[in-house]
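Each structure below appears as structure tokens.
Each of the two complexes below includes chain A, the first together with chain B, the second together with chain C.
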Partner chain A sequence: MWVQAEVFLQTLVSGLLLGGLYALIGIGMTLILGVMKIINLTHGQLMMVAMYLAFWLFTLFGIDPYLSLLIVPPLMFAFGMGIQKFLVNPVLRVESILPHNQVILTVGIGMVLQNLATLFFTSDYRSIPVGYASTVWYLTDLWRDSPVELSFSLPWVVSFMLAVVITLMLWFFLAKTDTGKSIRATAQDRDAAMLMGVHVGWMRVITFGLGSALVAAAGCLFIPIYYLFPALGSQFTLIAFVITILGGLGSTIGAILGGLLLGVFESMTATYVGMGWAPAGRFVVFVAALVFLPGGVASLLKRRKLGK
Partner chain B sequence: MRKHPGVLIFVLALCLGWAGMALAQNEIQLSIPLPLTGQQAKFGEIEQKAYMIAVEEINAKGGIKKKKLVLNFEDSQGKPEIARSIAEKLIDVNKQPIVFGEYSSSCSKAVAAVAEERKIPYVVVTGAADDITQQKYKYVYRICPSNAYYAVGLMSFLNEVVKPKSVAILYESSDFGTSGADDMEKQAAKAGMKVLLKEKYEKGAVDFKPVLSQVKAANPDVIYMVSYVMDAALLMRQIKELRIDSKLFAGGAAGFDIPEFVGNAKEAAEYVVTATLWSPQVSYPGAKDFAEKYKAKHGSYPSYHGAEAYAMTYLLKDVLERSASMKPADINKALKATKLMTAFGPIQFQDKDGFQNQNFMETLVRQVIKGEHQTIWPKKIASAGYLYPIPRWRDRK
Partner chain C sequence: MLEIKNINVFYGDLQVLWDVSFQVEPGEIVALIGANGAGKSTTLRTISGLLRPKSGEVTLDGQPLHSLEPYDLITLGIAHVPEARRLFVEMTVEENLDMGSLRGPAKLKRKETKEMVFSLFPRLSERRRQQSGTLSGGEQQMLAIGRGLMGLPKVIMFDEPSLGLAPILVGEIFEIIKRIREEGKTVLIVEQNVRQTLAIADRAYVLETGKVTMAGKGRDMLNDEHVKAAYLGV
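Up next is the complex of A and B:
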């Protein structure tokens, strides 16, 4: 019986740790979606670029990936602003038969990034050999008589904690600062915000930069526990997309909950159904969310608030 | 005036052509289909380099029957239909009496079909799918062991040293992973092991801990994993994290057999064994020389693909020297009677277990010892003694 409890608890822990990181990836996309009303389909590729930056910072200068959290996200913030200003904005102004050609543009940017990465860095698999990669804490080390053995990997836990800290910082930024409030205003009602004197075009640029910086941070947190190759982006674009739908389009809280839910769901599927089913499960969640919960987790939260 | 350069080039080409034909009297010109562009280009390149090293050696020692050996390469892009048309060209236009080469199983299959139809002997060098030499072909030979025999060495190591009663199989959901896992399941049943768990995963997965905690609960004697590249390292790292104390951790070549595995998994890679076909440390005559020569020239040790291509060139020399003439029928007779020791291992084509003209050989087992892959099995060509039993995770420093 204890054995089964151990399997369940370990699965839950893994799911939550993974979910925290997923949430950070999802938030960036959701933020851009809220303000821009477009799905940024190059999200995962931006993460890939950030991971390569972190990789080279480590290889050339020996900068720890956690330390590069101070360097890579600001760089990617500028990069994201550049994309918005020089690529997306001009397309917004063009009249076209396709209503959402900015979305198609993001797909194109993603492809370019991926192919450039293949060209410059080859399609070799790389990883950062950090010393603490397989350092682990065990429950039995802390509590000798524990009936179950749970393990907490150091890089996973640290990455999770940092993801939480970054999310809190984002919340503070959005809730308390002027710029943050303007971004939220733009997301809620673009025209009203414009009438109130918010520089909407500028907010868009900042938001895209912010989204890129967030996913860059996620990249830095992923590198100690994962590895790196040019085609890695699309997988994470997909995950971010599912989280965004699950969380409710454009809702930050929703994205956090959506990320955690998806992480736990994937882990549970892997344990109790089969690991080969995890990607399929992801799409079951995706479709189910679209059909039964079109507003995502966010709509549930809202409903309760109204009920009170 | 404008036409002059063209005419000049034409005349030059003619002259060169004649010169070439004059030279051809003292040359043996053969072409090899290989993937030199596309996804499999990396392996095509390794093989090409290995062929060239062998050709240089052979020509330095007087060539084949005092004729200089010249190998040309035709790019098949790893596509069976292109490989097939290359084979047709080599046989019908170039009148080549023997064909060999190609990398992947599907391309080798395509070439084999053409060769058998035209009654031209064809030697498969690296295509491992079982059915290539199960078609009752009379003109198709294969140097490399087929897929079903990759893990034979590992199984004999398990049976003689570890004697496990149960096994858990984790594999990537690709052709390679699935066939490897299925073969292992059959072999395990034959050896009387119980398969407690057979679980596949999508490559690129981030977190294996859920499935691994199930493995831990099942507590198998051996965990056998078939993974490409980096999944292998992630798996071992997370096994270490969960402190799963199986008697042995075994990999099915590929991801467990490359230097990146140790680099990425670090101390979690220690004591892990893996099946493989060849390693630079084997004691076959010429193996070390070849590996060192390749490393000096190209910067890294060759994989087993290189060794197979290298051995193929020496097989070619041996066969053409024994053959009564350059006619396909005579070469075929000579191939059938091959008994040759090469840097890749002994080559002899046999009909058994449903295979025809298949080279059966011992596959190897390598173990990570002090951060390096060492050949540990079979004992007579081992480069280091195996380390077994392995310490529990808790007791490792």
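Up next is the complex of A and C:
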């Protein structure tokens, strides 16, 4: 009995820790979706690039990945702004040849990034040999009489907490600053925002930068606990996409819940179905969300608020 | 003075405004009336820079507006309270008001102006933390007007402020528009509610399929046979 509970709780904890990082990835994609009305299908590739940056900062200069949170996201912020300004915006102005040609553009950018990474860094798996990688805390160390034993990997816990801090900082920015409000206003009603004096084009650039910085931060948090290889980009683009769908396309709270939900679901799949089944589980969640919950978690929240 | 001179405006290849000209003098209430689809909203959208005229010009105190970016117009003192309110429905009442004062001197005076708006609309004050999408229609219109006032405009343009409101609220909105003018602002108003609009307007223009076909004093228009037949249903 206790053993089963222990396994379940341990799986839940691992899932939530993973989900916190997923949430950060999902929020970035959701922000971009809200303001630009496009799914950024290069999101995971941006994270991959950020992870290589963190990897090289560590390998060449010995900079700890958590410290590179101060370097890599700002660089990726600039990179994301550049993508929006010099690649997406010009396409926006072209009378659409294909519908959604901006989305197709993001796919193209993703492919280029992935191929460049393969070219320069080969498709080898890499990881950072940080000293604390295998440090583990046990619940019984903190609470001697605990009926169950749970273990907490130090880098997972630190990454999760930093993800929470970054999310709170983002919340503060969006809720309390004029620029943050302008971004939200642009997402809700572009023309009305323009009437208020919002430079909508500039908001798009900032938002793409912000989304890139967020996923870059997730990359820095992932690298102490994950392998790095070029194709990881497309894998995480899919993850971000699933979270965004789960969250309800454009809702930040939805993306957070969607991230946590997917993290827990993948962790459960790995424990109870088998290690290799997480991607299949992800696909099931994706289809199930589309079929049974078209508005995502956000639609449930909204229904509650309206008392329906 | 706001001056619109021979503007021609298109949606794609479709011409919607034909050589439209009119002026609004400081301190006036000027009404633009016309049937559905006549081009009233298009006119306001052109003044506030959301649309560009193919030819012609829009000037405020001699300064051309049609070449400026739309997001800079608000700093020159033009506010546009758009048709159907266009609030930021997922933001609170107070956040919507903040959005009205993003730029220029209005930003520095945000707190005072907000108190002024709340004293004009006490109902908004009670609901300052409520999501604007959950307000009643009347409250939403008040918020849209309040948001326009937050920019400390010289000229404020209303596009069908009485749309969808109960008669008692319509009266209230018109009272407020009169008060706004008394406080020294210039008003350009587009309305379907022609009788009440002409009653408060100093002057009015009639727009028919994209052309100005009549101009005159508000009260004179009320007694005009054509206006009576076409817009007052008598």
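Keep this in mind: the second predicted complex is superposed on the first by the 304 of 308 C-alpha atoms of A that agree within 3 Å, B and C clash if a C-alpha of one lies under 4 Å from a C-alpha of the other, contacts with A are read in each partner's own complex, and residues count from 1 in each chain.
We adopt the following convention: a residue touches a chain if its C-beta (ideal position, glycine included) is under 8 Å from a C-beta of that chain, and two chains touch if they have at least 3 such contacts.
None of these values were measured; they are calculated from a predicted model.
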Simultaneous placement of chain C and chain B on chain A, clash or fit: fit
Spatial angle chain C-chain A-chain B, Cα centroids [nearest 10 degrees]: 150
Touching partner for A:Leu195 - first (chain B), second (chain C), both, neither: second
Which of chain B and chain C A:Asp178 touches, first, second, both or neither: second
Partner chain in contact with A:Ala133 - chain B first, chain C second, else both or neither: first
In the superposition, chain B vs chain C on chain A residues touched: B
Touched partner set for A:Gly276, first chain B, second chain C, both or neither: first
Gap in Å between nearest CA atoms once chain C and chain B share a frame through chain A: 36
Chain A residues within the chain B interface of the complex: 3-4, 6-7, 10-11, 14-15, 17-18, 125, 127, 129, 133-134, 136, 138, 149, 151, 153, 222, 225-227, 229, 232, 235, 266-268, 270-271, 274-276, 278-279
Chain A-facing residues of chain B, complex: 173, 199-202, 204-211, 213-214, 216-217, 229-230, 233-234, 237-238, 240-243, 260, 263-268
Of chain C, residues touching chain A in the complex: 48-50, 69-75, 79-80, 82, 86-91, 95, 98-100, 102-104, 107, 147, 151
Interface residues, chain A side, partner chain C - complex: 178, 181-182, 184-185, 188-189, 191-200
